[in-house]
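Have a look at this one before I ask anything.
Labels A, B, C, D, E and F are assigned to the chains in the order they are written; within every chain, residues are numbered from 1.
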Amino acid sequence: MRVSAFRRAHFNAAHRLHNPKWSDEKNREVFGLCNNPNYHGHNYELEVKVTGEVDPETGYLIDLGELKQIIYEEVEQRFDHKNLNLDVPEFSDLNPTAEYICYVIWQKLRARLEEKYELQVRLYETPRNFVEYPA
Amino acid sequence: MRVSAFRRAHFNAAHRLHNPKWSDEKNREVFGLCNNPNYHGHNYELEVKVTGEVDPETGYLIDLGELKQIIYEEVEQRFDHKNLNLDVPEFSDLNPTAEYICYVIWQKLRARLEEKYELQVRLYETPRNFVEYPA
Amino acid sequence: MRVSAFRRAHFNAAHRLHNPKWSDEKNREVFGLCNNPNYHGHNYELEVKVTGEVDPETGYLIDLGELKQIIYEEVEQRFDHKNLNLDVPEFSDLNPTAEYICYVIWQKLRARLEEKYELQVRLYETPRNFVEYPA
Amino acid sequence: MRVSAFRRAHFNAAHRLHNPKWSDEKNREVFGLCNNPNYHGHNYELEVKVTGEVDPETGYLIDLGELKQIIYEEVEQRFDHKNLNLDVPEFSDLNPTAEYICYVIWQKLRARLEEKYELQVRLYETPRNFVEYPA
Amino acid sequence: MRVSAFRRAHFNAAHRLHNPKWSDEKNREVFGLCNNPNYHGHNYELEVKVTGEVDPETGYLIDLGELKQIIYEEVEQRFDHKNLNLDVPEFSDLNPTAEYICYVIWQKLRARLEEKYELQVRLYETPRNFVEYPA
Amino acid sequence: MRVSAFRRAHFNAAHRLHNPKWSDEKNREVFGLCNNPNYHGHNYELEVKVTGEVDPETGYLIDLGELKQIIYEEVEQRFDHKNLNLDVPEFSDLNPTAEYICYVIWQKLRARLEEKYELQVRLYETPRNFVEYPA
């Protein structure tokens, strides 16, 4: 019996979109307001989807309390109330677009989950803009 | 022209997670607060996804009014304002985790829908915890 | 400079509406499905409103982190994953309607907040049914 | 690195469900209140999902600002504050069910997006009724 | 013990803003897209607030099931899937702005509620535009 | 006929809570994670409430399209995708707590609205933390 279980979490962070290989002018042209050198910020909302077989002993796919704790350790503790560009090493040379933040979160959670689980991450930058990895 | 149509519904119920083959101690350890012998409860939110070909006469995949009625008869009437463990026969020897509630709902709706439709059920136990069957 | 600050929290609980002075028949007639002897449950959503003067040193009306902690100790720790009728002493002889749950929460929070603050509590039993005390 | 990016938009429109090949009686029977000859209306909520490879120069799958502009030109400008049956040529002989509105929107957006992107459209007629194309 | 109790409901309707004493040009200038002669529509969301003393026998301010039924008879049955300008007599010579729809709903509900209750109505035309009567 | 009309808007910004008269240690103690010297950020959600008499010619309290434009010019254009501490002059020596941001927004909107209107502003820093001015 194969199911998916989802857990939502959130973190509030500052970021700036910028490609250091480009001129300031090109950065402003491509990233617009998101290129503001003084940063701006978001309430990021995270939706973690785990897929696999239900354990007939517990009736759980995965203990969502344990998943919540993993998300706390890997994502909230590192990203919440942080400046993603300056405070999170993964973005020291990776542009913190929603796409790449989502990918980094996927990698961090993937490393903590057992092989038997499939993993997909959805990240809301705003209620109207969001991304999902893997597609 | 293949589409999916979704209908949301909800029910309010009490439940308790418990494996009768285990000691009380192990039940408390595995299920934590959800093992409270006096039950706790949720506003369950249900999202039913039906997939198939649009009928060119109506422009409908399925009459959502009829789907609403099927959900009412199969789910709301049996689960709403009930104690899932005590009042719903399907859970007399099945642990009412979100995963198994979702599966039971899928079975009940599957039996009422024509073969030509695919069916998937998503069940929100809280806005932050939810499951989907089949994966 | 007088402002209001709000903090939302939530708890999941079972309850049953019942007046022990009435016959079973009258209880069923007045409370309907909510009178189910085996209980049902809700994801209660709580909105706490505090009103007063902003502290010019901090720019805060009240530290919302402290308010969150008070709500945790007074409400979540006592009500979450509980049966309100059986596990919460305040309802041993008080019918746990949304109105009275809201009033009990108001009393508990009032006792923990400084006199200088005004307090109002809103309690959502479902997204469509909610109450507020005091009016 | 393959991801999906989503953009939400909305429009407010009137419509009526009606099959001109049927009698008035059959139309009322099949479409019920939705057949009201004087129309009714909805706040339609649109969710556009684009899938493809992230551009390593920008870290974007697609510039969501550009996608927002395409949605504005193709959907909002043509559908918002309109009567779908009378004001939108695509529905002059196509019943504006959620399924067909979703399909028409998919066609309009598909024509504006590069071949390399996959496209899926979800359309909410109400928060409880929605459709997705392609399935 | 004075409390407020709230009940939410919704209806889907078409409407058009128009002042028959003005020229077409002035109507277009003042009401813009909302003046479309073919109508447009909304999912109206209604929030009814009743205030008064809790009945110590029931623990209720008012039976929300009865309030739901009154809202159904007075509002949903008359407004849902209707054209407010053409199908609802109250708007035959009253412009169906959110302000006046809210006021008409307030009058209809006021006539059905006991004198001892205070009544306030909030009407959402969209999630971003809404009104409240009385202020 | 006295009503209130509400308009919601939003902006995404970075900020940091800090009192320059205090030591770094005291700032960390009082403001916790919100004192991060590299800033963090939020999707701020704004709810503007205007109260007054309905104009019988239009049926409007206020043209919500005009209110939307005023909010755009006074709030969104100045605050959206900005660092409140560094990019918004009003916060050069005012701590950008939700309370003070709300107050600054109220002042800016008050200056643009006719005297006859009452004004109240609610500002959501997150869906769970929000403030209102005046109380």
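Note that in this section a contact is a pair of C-beta atoms (placed from the backbone, for glycine too) under 8 Å apart; a residue touches a chain by one contact, two chains touch by 3 or more.
Everything numeric in this text was worked out from a predicted model, so none of it was measured.
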{"item": "Labels of chains that are neighbours to subunit C and to subunit D", "value": "B, E"}
{"item": "Mutual neighbours - chains that touch subunit B and subunit D alike", "value": "A"}
{"item": "Far-end chain from subunit D, centres as C-alpha averages", "value": "C"}
{"item": "Type of subunit C:subunit E copy interface by residue overlap (half), same or different", "value": "different"}
{"item": "Cα-centroid distance, subunit C relative to subunit F, in whole angstrom", "value": "29"}
{"item": "Centre-to-centre distance between subunit E and subunit B (centres being mean Cα positions), rounded to whole Å", "value": "34"}
{"item": "Where subunit A touches two or more other chains at once, by residue number", "value": "127"}
{"item": "Contact pairs between chains, per stated definition", "value": "A-B, A-D, A-F, B-C, B-D, C-E, C-F, D-E, E-F"}
{"item": "Interfacial residue positions of subunit A with respect to subunit B in the complex", "value": "1-9, 51-52, 54, 57-61, 63-65, 118"}
{"item": "Residue numbers on subunit B that touch subunit C, as the complex places them", "value": "10, 12-15, 33-34, 36, 38-43, 80-83, 86-87, 126-127"}
{"item": "In the complex with subunit D, residue positions of subunit A that touch it", "value": "17, 19, 30-32, 94-100, 102-103, 127-135"}
